[in-house]
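Chain nomenclature is as follows: A, B, C, D, E and F, assigned in order of appearance, with residue numbering initiated at 1 for each chain independently.
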Amino acid sequence: MAPKAMSDIKFFNVTFPAPFVAHVEINRPQKLNAFYEPMWLELKTIFEKLSPDPDVRCILISGAGDRAFTAGLDVQEASKSGSPLGTAAPTRDPSRQATSLRRHIFELQDVISAVARCEKPTIALLHGYTFGLGIDLSSACDIRFAESDTKFSVKEVDIGLAADVGTLSRLPKVVGGITSWVKEVTLTARPFTAEEALQNRFVSRVVKGKANLISEGLEYAKFVASKSPVAVQGTKNILDAAWGRTVEDNLNYTAAWNAAMVQSSDVSRAMLSGLQKRTPTFEKL
Amino acid sequence: MAPKAMSDIKFFNVTFPAPFVAHVEINRPQKLNAFYEPMWLELKTIFEKLSPDPDVRCILISGAGDRAFTAGLDVQEASKSGSPLGTAAPTRDPSRQATSLRRHIFELQDVISAVARCEKPTIALLHGYTFGLGIDLSSACDIRFAESDTKFSVKEVDIGLAADVGTLSRLPKVVGGITSWVKEVTLTARPFTAEEALQNRFVSRVVKGKANLISEGLEYAKFVASKSPVAVQGTKNILDAAWGRTVEDNLNYTAAWNAAMVQSSDVSRAMLSGLQKRTPTFEKL
Amino acid sequence: MAPKAMSDIKFFNVTFPAPFVAHVEINRPQKLNAFYEPMWLELKTIFEKLSPDPDVRCILISGAGDRAFTAGLDVQEASKSGSPLGTAAPTRDPSRQATSLRRHIFELQDVISAVARCEKPTIALLHGYTFGLGIDLSSACDIRFAESDTKFSVKEVDIGLAADVGTLSRLPKVVGGITSWVKEVTLTARPFTAEEALQNRFVSRVVKGKANLISEGLEYAKFVASKSPVAVQGTKNILDAAWGRTVEDNLNYTAAWNAAMVQSSDVSRAMLSGLQKRTPTFEKL
Amino acid sequence: MAPKAMSDIKFFNVTFPAPFVAHVEINRPQKLNAFYEPMWLELKTIFEKLSPDPDVRCILISGAGDRAFTAGLDVQEASKSGSPLGTAAPTRDPSRQATSLRRHIFELQDVISAVARCEKPTIALLHGYTFGLGIDLSSACDIRFAESDTKFSVKEVDIGLAADVGTLSRLPKVVGGITSWVKEVTLTARPFTAEEALQNRFVSRVVKGKANLISEGLEYAKFVASKSPVAVQGTKNILDAAWGRTVEDNLNYTAAWNAAMVQSSDVSRAMLSGLQKRTPTFEKL
Amino acid sequence: MAPKAMSDIKFFNVTFPAPFVAHVEINRPQKLNAFYEPMWLELKTIFEKLSPDPDVRCILISGAGDRAFTAGLDVQEASKSGSPLGTAAPTRDPSRQATSLRRHIFELQDVISAVARCEKPTIALLHGYTFGLGIDLSSACDIRFAESDTKFSVKEVDIGLAADVGTLSRLPKVVGGITSWVKEVTLTARPFTAEEALQNRFVSRVVKGKANLISEGLEYAKFVASKSPVAVQGTKNILDAAWGRTVEDNLNYTAAWNAAMVQSSDVSRAMLSGLQKRTPTFEKL
Amino acid sequence: MAPKAMSDIKFFNVTFPAPFVAHVEINRPQKLNAFYEPMWLELKTIFEKLSPDPDVRCILISGAGDRAFTAGLDVQEASKSGSPLGTAAPTRDPSRQATSLRRHIFELQDVISAVARCEKPTIALLHGYTFGLGIDLSSACDIRFAESDTKFSVKEVDIGLAADVGTLSRLPKVVGGITSWVKEVTLTARPFTAEEALQNRFVSRVVKGKANLISEGLEYAKFVASKSPVAVQGTKNILDAAWGRTVEDNLNYTAAWNAAMVQSSDVSRAMLSGLQKRTPTFEKL
């Protein structure tokens, strides 16, 4: 059975380049893949469909065209009157304006969180401009590879904002700590290179050329998809549950989780294949 | 309006080398800028004044002279009888002695916490001996740059102590995790170099020569000061609130924070300036 | 007084190569030091004895022979019927099977936790195959050095399991964060080298040749053992308590801890020795 | 402007008995208002619509008919083959079955959480059979009143389940602690009375007769609706955020929240009305 | 040695009615002991002095006159222009106004937190109007007794505010949970009686007549003061540290605390006195 | 199969008065069932055996004789020289003494925690003197019933100690919050009655006469034992895991737990029995 097709999706190409591998491409290259309101809902829909799909075991994300993964928020759209960041509504009661903005922020956070909650491993393939929302989005992925000329920036400060849809919460998690470097780049929106991203562990690989980036991402995704899905998805779930909690909590949660999961047929299949030096296959999950 | 002048400060030079930039220099070079009782109170006073000052947007910290940022605790002063670590009071009831010591530790922790709580970004410029309290103090700063010949040591074990004014709580936060290296240097007080500090992400830049260090620090501070203070100070606040808490907690806190802050005039000024390729200016905060 | 001898230990060599230094060697080289049921209990017993022993101040762990620190779980033993992961019991009620497995996981977790809870610093000396349980075990140690040809793998996914005896809880703690690299190696069991382990801070030193590894480990252990045991063991305790908790929590805990510990005779001995440029000696702890 | 009408809702009556007050009535009286699959989705939809509606300031929930608030899960429907708790699928791999069940539990939890997340205060008016899901649902409300003959039971144990859609997480929160009484009633599903519910603080009022219950609930709801919505909704939000977190965390969150909300026009309207002994009116929120 | 006298205190009477017992009386009876700006600072000063004073082992708090413990915030003063809640500053940038208000809220929170942090047990004796700040203040005390005619109200909602100086964070802690009753009284500011306060465990005793209230409070304070101060102050510290933390955390903290405190001479004095049926005396703390 | 017999137990009677019900009786009535060193180890052994025993589904705990559940610590034994609280060792280094005491406290905490960790529900039947350790021990049980003349006291303050083997961590959990009453009784060791214990929810039932207490306890235990053990033990586990954690955490943990447990044959047995109005029986667990 093939994965479920995505209809009514306009701003993303969703393809299935290999068995059990999905590829989500942000597709608004004429605007450097910048995001505006209608794109958000689509992104959430896509990940909510891929997450439980038994024909999907690994997901790649990249940007259409050579120039950008995404330039982030489409500032021209955002500054229009009527938009939450727009120039309207100056006379409104600040507490009512705050309530309305809080609802809006929660909606956007929830889109990025849909990526973070996805049951299947997600790999961001970063290239060209990777600004603002590009950092929020890829920080919600499990793994990040970058093309060697990628231009990164935690851009929010440059539009007068603290990054509020996830970067400030997830960046310390994915690079490990509120290091001196994290503060350098978040406090000023200064750009940084792929090399710097690698040294500071934001990405785990740097690849020369976008075509090579996509193909190395695909190879890795196929490797993930060849493993026991019970083991892979459990590993992701437990690692993510560990964040911000104590070791004792985590050990207890792991035991509750694996009490069911160790009963999987994957275990005997994998162990037997290992002893017999064969490649195992696993039931859908 | 110029920032508020600091009177009655003896052990520190507080200057304002650029608009919105303060520079705090530890000034006891004849003793390698080592700390003793009366210096603590001054340090706390300085940061409590700079923190809310609307004319300050970024703060640099360095040591006077070429030999040391600070050699840490002044052991000769500390070993005098009458001092909490001194050789007196051997016959005292251990629980009463413990109560008195706990109060003293809280007082010292509170000085370093005043630096950590500072609303404005703080940049430690490390050089020469940076021992003991120098690690506690700079771990409470946002960003650390080091001169290439800096000699670091988490010195406390060498005076029979677990570091209790902040290093053990903040070092894992600022380098990211209780890594093998963190344990190597904290369990033995073994010295380490600027290069090692960079590799292990304690500092984010190494600069050759103290004069260059100061000037690179100043350039960065001016860059911070040119950005929206609402965005910069919000970024610092949210990042620091994130530590030791879950992603969900952080997203919720961020939404509460930004519900007010997104209403800032900084947002429209910054967005407009971006579209018009002008440099924005921002109201005081 | 010499440290307490270990009787009835079959799968480990426990020796005392220097004053206050213990060396635990996994000793089943014909099976690449792979673990099976009876070895677990011994490992727990050993660390419960060494932990409070006043003649022990630092502990080294390595594997016998040149080929492996440990290849991890002995899959042949584990796949036998009767074993918790074995092929028996397919008709059993899944909830009762889950309860039985959960008890079994807790028992294994408790062995590794006995290493993590050890009051004295522990140094894992990694070499050859360091697979599966080798990562769980060494992640529970304080410090990790690796021989330059060590072959690492978080192997559990390859036997259809999420790693449930500690790696997923402790690896993010010891390398600092759920980085892109952590997910790369845990989601697929892909092997990694000593160099990669160093860059990602899993180990803090890479040493060429097993003999050199052991001797560099021993030198470092002797250095630890020369320091105030009150300071060293307090430093370990406070650092570990810090994980997953906020800075305010940690400062409060540190003050409660040091209220007693600062009263130690080690402080005056260490301070006096420092002023007099002598080597201090310390009472047993 | 009247609140938004609810179309396509079959199992609930949603009415607006007073300005700013909504009343949600579970409407399947012929089955004691027992829940089955299609009702869940409706309940979530209703609360997601009422939550941000500016014409709603307080919400009442009750059951249609005299016999039951709700008898809980419709066991006959749930035991049908095809249902997640049904008798099918005995030969399925336990780990895959577990994954599928976990997704199902999350969906149900999410319905109850939609009630808990509702921005506006919610008041459960309990009467007749209030079993199983009736406890889950009312524990997610802010306030509970009960008719004097209400028959309560945390029924899940009687169908072989630990209560997993919220009771075990929220009951200790709403009665205050895992008291001896909480364990008595949750470990055995033993029934309890309205009087016992009052003594153990599950409900805060007991009222004789269903008509009186509804009318006392309505009076209270109108009282809530007469207060500043900024203050009321902030109070709910901050109280709920406080659960399971430390006082320091809560004070910090409260300050971030109120930094915006204290700017409300409600404050000056309320203060002025108080001084002038008038009844204030407030803008919609 | 008598406790340190308080000079320059205008709005409070601080007396020492029995050995080791202090009594703080709010003294602005002509305004129902309502609070305004200058009173805050005094309250903080008083508790910072009493907290470490070795001649103080228990502290009583009450209001001068028969009419009120305190009517809460002095709304007339608060509504003056220039005050943070006043009617000025309507044209100010909302984010800058939010920053200024947040600083102001922190200052007020810190006053109440000074009471909560006090090392010695504190007993609030409540009578007459106990509104708004009266709830904040007494929730920060350890024990609450009430006169039988006390009129309580969590008044903040009536001035358009969520209670932000501590009630919403501490009330659930001191009554045990976010019960139905807590929400009833905080969401509407509805008044409640001493009897209701007792039933809902906000106070632990109700006493008829203010004179009897004071005298019963004094008897209890003298009883506290007769016990080992090491034991009493440790009990308070450990209980307060327990809130919002897990049992495992608390057991670990308790062990660190008592490692020093069990060495107290109080233990042998108390045990010996117990065996000999004598009244022990204890050293100052 | 009968439950496993307990050999070598001297200070407790362990009997099995009904199928699946165990009864642990503290048996040192000539000393009011006071505890001293050798009793501790036995108590831990007993609960470690009963916890996983499939023939045990509920456990009762009471004291032998009419005079006491337990008078707590045997002070005469504890004050002997050689004992950790004894009068010896005055000249020892306080930090080394603290380390030794901390190890001792952990040992005692671990005994009480063995009761708290027990997989099966535990019911404390309290009567006569229930002092000190009697509170620690019964706070670690799930349910508490008391005879009407029980004399309670959190006695530790009277021997100069903060209660450190669990009362201060667990009492707020089991009565719900750090209420005014909790502080009243813990800060002074003042005695309290069964009636007061009921009103403050420390016990959930008061029964006249010890024989009636035992028989009512036994009836309740048999009721527990008649229910699905998968459901009962899951309920206990999830409720206990909830303490000190957020609702979101708990919901996630519950879903992981029940993913396996809902697959139990108990569910279909219980549902079918319910529909057919029969009494179900369940497999051992």
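Rule of thumb we're sticking to: a contact is a pair of C-beta atoms (placed from the backbone, for glycine too) under 8 Å apart; a residue touches a chain by one contact, two chains touch by 3 or more.
Quick caveat: nothing in here was measured; it's all calculated off a predicted structure.
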item: Shared interface partners, meaning chains that touch chain C and chain D; value: A, B, E, F
item: Copies chain D and chain E touch via same or different residues, half shared test; value: different
item: Chain pair among A-F, A-C or C-D whose interface repeats that of A-B, sharing over half of the contact pairs by residue number; value: A-C
item: Between chain C and chain F, centroid-to-centroid distance (C-alpha), Å; value: 34
item: Distance from the mean Cα position of chain F to that of chain B, given in whole angstrom; value: 48
item: Sequence positions of chain A contacting 2 or more other chains; value: 94, 97-99, 172-173, 175-177, 230, 243-246, 249, 256-257, 259-264, 266
item: Arrangement of touching chains [line / ring / star / complete / other]; value: complete
item: Chain F-facing residues of chain B, complex; value: 94, 97-98, 246, 248-249
item: Partner chain A, residues of chain D touching it in the complex; value: 52, 93-96, 98-99, 103, 230, 233, 260-266, 283-285
item: Complex contacts: residues of chain B adjacent to chain C; value: 75-76, 78-79, 84-85, 87, 94, 97-99, 101-102, 105-106, 109, 113, 116, 156-164, 166, 168-170, 172-173, 175-184, 186-190, 200, 243-245
item: Chain A-touching residues of chain B, taken from the complex the two chains share; value: 121, 142-145, 172-177, 201-204, 220, 223-224, 227-228, 230-232, 234-240, 242-247, 249-251, 254-264, 266-272, 274-275, 282
item: Complex contacts: residues of chain C adjacent to chain E; value: 241, 245, 249, 252-253, 256-257, 259-260, 263
